[in-house]
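Each of the next two complexes has subunit A plus one more chain, namely subunit B in the first and subunit C in the second.
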Partner chain A sequence: MSEPLLSVRNLKTVFKTEDGQFAAVDDVSFELNEGEVIGIVGESGSGKSVTALSIMGLVPNPPGRIAGGEIRFEGRNLLELPEREMRRLRGGRMAMIFQEPMTSLNPVFTVGDQLFEGIIEHEGVGKRAARDRAVELLDKVGIAAPAERLDQYPHQMSGGMRQRVMIAMALACNPKLLLADEPTTALDVTIQAQILDLLRELQEEFRMAVIMITHNLGVVAEFAHKVMVMYCGRAVETAPVGELFERPSHPYTQGLLRSIPHLDHEGARLRTIKGTVPSPFALPPGCRFAARCEHARPACAEAEPPMIGVVPDHEAACIRLTGYRHDLTRATEPVA
Partner chain B sequence: MGRYIVQRLLSSIPVIFLVTLISFSLMQLVPGDPAIMVAGLQATPDEVERVRVQLGLDQPFHMQLLHWYGNLLQGDLGTSFLLGRDVLEVTLERLPVSISIAVYALVMTLLVSIVAGIIAALRQNSWVDQLVMTIALIGVSLPNFWLGLMLIVLFSVHLGWLPTGGYVDFREDFWGWLQAATLPAVSLAMLQMGLLARITRSTMLEVLRQDYIRTARAKGLSERKVVGKHALKNVMIPVVTVIGIIFSLLLSGSVVIETIFSVPGIGSLLGSAILRRDYPVIQGGLLLVAAMLLLLNLVVDVLYAYFDPRVRYRNGK
Partner chain C sequence: MSAAAAPAAAATVKEPREILRVENLVKHFPITAGMFLSREVGSVRAVDGVSFELNEGETLGLVGESGSGKSTTGRLVLRLLEPTSGSVQFDGQDVLALEEAKLRALRGKMQIIFQDPYGALNPRKTVLETVAEPLLIHGRRWGPELHARVRELLELVGLASYHADRYPHEFSGGQRQRIGIARALALNPRFIVCDEPVSALDVSIQAQIVNLLQDLQEELGLTYLFIAHDLGVVKHISTRVAVMYLGRIVEIADKAELYARPLHPYTRALLSAIPVPRPGAGRERVILQGEVPSPINPPSGCHFHTRCPFAVAECRAVDPPLREVAPGHKAACHLVQPQTAQEGPRGP
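Let's turn to the complex of A and B:
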């Protein structure tokens, strides 16, 4: 099999703050093939956005820094690329859209201006050609009267329309990889569905690989081919989408799935995962989820559980799995 | 935009009226008799009284006031008690001197503090940043008259690079003007440079944290474009807002600085007019300065609309 489009190996991104240093992303690995969609799911602070920013080379430094690992994109390790090369990739071969369409566009430049500059930067075309391309892009993302819209400022547009502009901007140079960081979270529910539909259409049309970051499992179910669940900077479960919903193997994933409200359970209380995310400065030894886990046992506190295969392509970081698979050599802790 | 400007010009009329009314009233409260000043200390009471009638100072306050406004409407600012010359003529002679120095100081302030503030922000917490901020703090803390005197001691007395004072008309000898105006302009600008450098730095830091800066980087733009285009125009919004205030402070600071550097500007004219109770000059001088500042603020607001499209559309296209 050929090399995947993107391969992240043991990525570790740390942040230095006044209270000390912590790893926002800690030893995360995953792969993504061309045209494939991965959903990265987790609570706020689980490290999913930082993972995306690390791939884009946009981790704010200081305070952030990629401390280890490897990010291979189209055969090259991005962490070793000079900034000039990275800049060529950014907005060119890979692009990102962000959570907040209201603040992600520069308020003092026209939408057109902000669309052109990426095209001019990467394709080396003149302003006229860039303008034609921009009209085409705005049309593609479903903005009516695109030529007039180009001369407007962001504050003259609604949130949904601004997010469409952001998407157009990201697509400007036909990226192979699109990173979408909660692209619908800040939008009205009806608009959310439209934007998701749009993203899916464009993903299929452009055959882009997409990293869809979300805390919404519904989005994942509809959109992604595979899922990575993150907790406290670590990947706790990776699986193909159907497999994850069918056989969630990490207690945290199970908790997430249970906390989705169901319309048919009328009057039932919303289920939550009890407890709160531990402070990144005071992570417990062993499994980071143990304090909130209903299956926790003393052994959980002894060592961080490695990723353990459930079935091929499906792994989870929980020592309970060693009970099902005795042949695993990595699991040394016998189940009580 | 045209309508907006006309509106603004009309609304400045009451401001001018208030400024002149207040200054007129204040001068009445200040002790000292202009008639004695004009007649001289040796004059007999009779002579003083004659001068008083001649100057119209025997009239009650409200009559003097009405008289002054009446003349103003005809474009007559009166005659200086002491110089015996037309006030408009005297002030218009002096005004360009002060404006040229204030503009020099303003250009200096803008260039130095915007550049310094941006560099400090880009190198936050580095030694460059600390150096800039320390100098800015010193600039804010130094009284300008003291700074002016020290600059004279250093650059004029010891080094002999620049004249101790005086003024050369820039239309006649630009180089001479530059030499004469540099020390007064630096003394005036120091405080403003310090303030504006700090404002620029903190605004830049704030802007660099914005999401749209991240978007610009995600597009693969060079750092020069990210800072020089996307950040800079946003930084300029608050900077432009304070330009009007800075210029008015530069002009009002000129009273002291022009005296130290013996610059024949509106500041030294007003200063001596106040000391000698030359009412028409005080009134006329303040009127012109106020009118100029109002005009300047209008220019600033128009500029503001250029930098911030959100303002432009709120006011109608």
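Let's turn to the complex of A and C:
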């Protein structure tokens, strides 16, 4: 089998603050093939955005720093690339879109100027050719009257339109990998549906690999091929999307799925996950979820649980799968 | 707690008792220009003729996208904003006609919980000061009695009494929302406007707050106007649901009816746009074209006609009234067929 497009191994990204140092991403590994979509799910502070920033080489340093691991993209370890090379990759072979397009677009330049910049920089074409390409891109992302829109400023556009512009900028150089950090969270549902549809179309057309970061399990279910669930900086479960929803194996994933009020859900009370996420400076020993877990036993506090295979391609970091034994790495029988 | 006993008893009364009646509520924000911004050049029609009523112990979910006027409606009902026209009756009193002192007294009965638990609490005040403030303003409690009441309120919302001396920054988002709820409950209100109370919270915390609001409703006999854009949460907590679009209610019905049989094309599109956490859930999705038009110059006739796949000439010319098309089910659409003796109501 050929090498995956992206392979993240034991990634560790730390931040230094006044209160001390903590690992926002702690020993995270996953792989992504060409044309594949992975959804990274987690709540605030789970480390999902920092994972994406680490891949893009955009972790602000200081206070942040990649302290360990490896990120291989198209065969090269990004952590060893000089900044000049990284700059060529960013906006070229890999691109990122963010939650709030207003903060990612420069308010004092027209949309056109911002689009040309990337095209000229990466494709080495002149301004006229860049303009033609920009019109083509805006048309591609469903913006009506693209030629006129080029001369407008971001504030003259709605949120949905700005997100389309961001997507156009990201697509400018036909990236192989698109990182989308909560791209629809700030949008209304009817606009969210439009943007997700657009992303799906483009992903299929260009066979892009996509990392979709979101807290919305609905978005994951509709968009991703596989899922990684994060909690307190660690991956707690990875699985193909159908498998994850059918057979969630980590108690945190189970809790998340149960606590969403579904449209087709009936019932008087929502099931909740008790307590709150621990502070990154006061992480409990062993499993970080144990204090909130209904299945926790003393063994859970002994050591950080490793990823344990449930079925091929489906792993969860919970020793309940091994009958609360730390020395087994493969579940004998999946626990429902 | 004697104060809670009376409303709790009221909640068990079988005959539904109307507590709030809103009629033809309108709010236009003027757009001014010229020197000293003295010339009015137009207006934002944020709320454009909204009517509904609410029974005691009930929860009316008010949903819509940004700019639909749902939050403005909530503030108008409490008279935190002065309406341009219309009427609000709370418990038989005309809220809009009340003078200052009487309005203040009434405010004890009508409270609000805000979306952003970070922005809604004064960072320089302890929890005790924040929760005690309404009690002091209304001159209800002093000294040890005040402290006891604050402790009681904190426990009611799932916090501990030792939290009273802490500052907001020491709490998580979910805990802050609990503080906001404790403050809203301080004066024993009967009616609470919940303005996106869980939208800023993580899902696992959302569920805790939704459950808390439901428990409090049952225990204290509260009536809620629950404003949200998350149709899943609204479905869970509401008795009835109203859908707003560009300042108007386009459909209102019992929860089960609205979700099972949405009639207005906008309601249908809204429901179908929600991503479902079930992979491979094959659903027919109505993707709306375009975006919500500006409320400064809303489209003629039906405000939704510019995005409606079924719009006909009449929709562009005539504003459809919100009419009853089945018992308890109202829709503002020319193309909805009312219920007949033979069959139920039908959408376009």
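Note that the second predicted complex is superposed on the first by the 319 of 336 C-alpha atoms of A that agree within 3 Å, B and C clash if a C-alpha of one lies under 4 Å from a C-alpha of the other, contacts with A are read in each partner's own complex, and residues count from 1 in each chain.
Going forward, a residue touches a chain if its C-beta (ideal position, glycine included) is under 8 Å from a C-beta of that chain, and two chains touch if they have at least 3 such contacts.
Computed from a predicted structure; not experimentally measured.
Which of subunit B and subunit C touches more residues of subunit A is settled by the count: it is C.
Of the two partner chains, neither subunit B nor subunit C is touched by A:L79.
By the touch criterion defined above, A:S158 reaches subunit C but does not reach subunit B. Contacts of A:A291 after superposition: neither subunit B nor subunit C is touched.
Legend: residue contacts after superposition of the two complexes on their common chain; A:A193 is shown touching subunit C, with no touch to subunit B.
Subunit A has no residue lying at the interface with subunit B in one structure and with subunit C in the other. Partner subunit A is touched in their complex by these residues of subunit B: 210-212, 214-222, 225, 229-230, 233-234, 237, 307-310, 313. Touching subunit C in their complex are the following residues of subunit A: 43-44, 158, 160-161, 188-194, 196-197, 215-223, 241-242, 245, 255-257, 259-265, 268-273, 276-277. Subunit A contributes residues 56, 58, 87-92, 95-96, 98, 100, 103-110, 114, 117-118, 121-122, 153, 155-156, 166, 169 to its touches with subunit B in the complex. Interface residues of subunit C facing subunit A in the complex, by the touch rule stated above, are 65-66, 172-175, 202-208, 210-211, 214, 229, 231-233, 235-236, 259, 269-281, 285, 287-288, 291-292.
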